[in-house]
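After this come two complexes, each holding subunit A, first together with subunit B and then together with subunit C.
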Partner chain A sequence: MEINVRLEKQLAIVAITGSVDALTSGEVTNFLSQQIEEGKKRVIVDLSQVDFMSSAGLRAILTALKASRQQGGDLSLAGAQPGVEKILKMSGFTNILKAYVTVKEAIADLGA
Partner chain B sequence: MTLAETHSYEKPEKNQWAAERELEIGRKIQASFLPEELPQPAGWQIASQFKAARIVAGDFYDAFALVGGKRIGLVVADVCDKGVGAALFMALFRSLIRAFADQHYSLGWMDLLTSRALDAQPEPSVGRRRELLSPGTTALKKAIELTNNYITRNHGKANMFATMFFGVLDPATGILTYINGGHEPPMLVGQAGIKARLNPTGPAVGLFPDLDFNIEVVELEPGDLLVAYTDGVLDARSPEGESFGEKRLAWLVQQPAASASALLEAIHVSLNEHMAGKEQFDDITMLALRRAASPEIE
Partner chain C sequence: MNQKHQITRAAEYQSLATLRDFIEATCKGYPGVDDQVLYDLKLAVDEACTNIITHGYAGMNPGSIILAIDLSPQQVTMTITDFGQAFEPSETPMPNVEAGLEDRDTGGFGLFFIYQTMDEVDYECTEDGNHLTLIKRL
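Up next is the complex of A and B:
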């Protein structure tokens, strides 16, 4: 799993590559919480290169979602592949946060 | 070798032994949070399969009698993440669901009051729907909502949630009232194949307070079978990395089986063949409910 961040229009776009599961979710949680602590509280998580997400991955997303909202920001998802999208929909995550088809679309909607 | 050296040499082993012993105690206590035996109402079979990936598990299933056996509560759930954390929350989720369901089914007479009050209102369609769902609708909804609010309000910082199917069966009629909180949709199988998938009616339990959970109703006719399971079944990997998948499971549940437990055993064997000795990385849980084809058989 790889994770990195870039800034665009006052949004932190966090791109994850690989699987987000029990082995890697801790790293995702730490990375996202560090961004939010640094003041990058408006976050888009780019899932376009994520091939598998387990419930541990969903937990990492939930943790970061709450942290960003507590700081007055928000967290959105973008680019989920069909397998990951199915998990997001089924678990109701698409009801508690914004999920965009592409990062471009997310930036257009949320960017300053 | 001095005594001090002996001591420092032995310490890590001792610690490991102590940790393993503690985990083993945890495993035994957790096993006691699963039902020792499953209720077997006349004309019905209930069976389960459960295989933890680690010493302790985040999955659980439950089946318990409500209102003196007039209703049967059925639960299959998957607490997020793995290990000891998931295991502790498994105990909490399981207990809250059971306790709230039991408490509110004892107060089932309130449903009668609710449905009568609604009938008096000038919206007969709403009244009829409510009456159809009663009794016990309130109790099912309350059990999930109160569990959701308890977890989010008292343990919000842990960010632990569970996907959960909770159904309440009336064994006399075959009516199953259920809430699916973000869980893999159970398969309802009839003589001619899969009749329905019991899709989510709300989000996973424990995400945020006061989320909406809807109730759905389905009828199990004589001969029908309901199979609820966790994603550990679908995600079980072969040595080549291929998932067991929904298609295999759907095919298996439609094969003739002597009983609900024989069917789950057949799925279990097929899962083992698929994994072919590869390490199981997620808990595997299944619960099957079968209505006898005709009452005489039972």
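Up next is the complex of A and C:
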């Protein structure tokens, strides 16, 4: 798994590539919490290159979502592929955060 | 005709990707197994094995996990065997998926996903180990 961040229109776009499971989710949690601590509290997580995510990945997203909102920011998701999209829906995550079809769409809606 | 496949791996998080790859290699392209079914199979096994590694072998030397897959035209049967502490899936509380952010607990989704994606879940604890059987109909 790889994680990268870029800034665009005052948004931190965190792109994850690979699988997010119990082995790799800790890295996601740490990376996202570091961004938020650095003041990048408006986050878009780009899931377009994530081929697999388990409940461990959802836990990492939920932790970061709470942290960003506590700082007055927000965390949104973009580009989830069908399998990942299904677990987001099953778990009710799509009711508690914004999930966009593409990163481009997310930036257009949220960017400053 | 049924196809049977089996893999044994150490009960550690590093094995999760190997087990998912084994499911993909075994089941992809089998009649009735589309991308969504394949994801469901990988998700259910990943969650079950994560529970075994985190809870089943907690406080013990890591043992092994055996994953057996039986493919038939009607269904995929996956049996996961471990030798850790037993747990009863039906006694584990399910998460509230309707909860708002403030009331959300960060755990509990693993077993929920197993029940949501599989058509049958059966657990048996014997002298030969704990056997979790997961059935997905095609």
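Keep this in mind: the second predicted complex is superposed on the first by the 112 of 112 C-alpha atoms of A that agree within 3 Å, B and C clash if a C-alpha of one lies under 4 Å from a C-alpha of the other, contacts with A are read in each partner's own complex, and residues count from 1 in each chain.
Criterion: a contact is a pair of C-beta atoms (placed from the backbone, for glycine too) under 8 Å apart; a residue touches a chain by one contact, two chains touch by 3 or more.
Given the structure is predicted, the values throughout are model-derived calculations rather than measurements.
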Is A:30 contacted by the first partner subunit B, the second partner subunit C, both or neither?
neither
First (subunit B), second (subunit C), both or neither touched by A:19
second
Can A:54 be said to touch subunit B (first), subunit C (second), both, or neither?
both
Subunit B versus subunit C as contact partner of A:70, first or second or both or neither
neither
Residue contacts with subunit A in the superposition, subunit B compared against subunit C:
C
Partner chain in contact with A:86 - subunit B first, subunit C second, else both or neither:
second
Taking the superposition as given, does A:62 touch the first partner, subunit B, the second, subunit C, both, or neither?
both
Residues on subunit A in contact with subunit B in one complex and with subunit C in the other?
22, 54-56, 58-59, 62-63, 66, 90-92, 95-96
Subunit A-facing residues of subunit B, complex
58, 78-83, 156, 159-161, 163, 181-185, 200, 202-204, 207-208, 211, 231, 235, 281-282
Subunit B partner, complex, touching residues on subunit A are 22, 25, 54-56, 58-59, 62-63, 66, 90-93, 95-96
Where on subunit A does subunit C make contact in their complex?
19, 21-23, 52, 54-56, 58-59, 62-63, 65-66, 69, 82-83, 86-87, 90-92, 95-97
In their complex, what parts of subunit C are in touch with subunit A?
13-14, 16-17, 20, 35-36, 39, 42-43, 46-47, 50, 53-54, 95, 97-101, 104, 106-107, 109-110, 112-113, 116
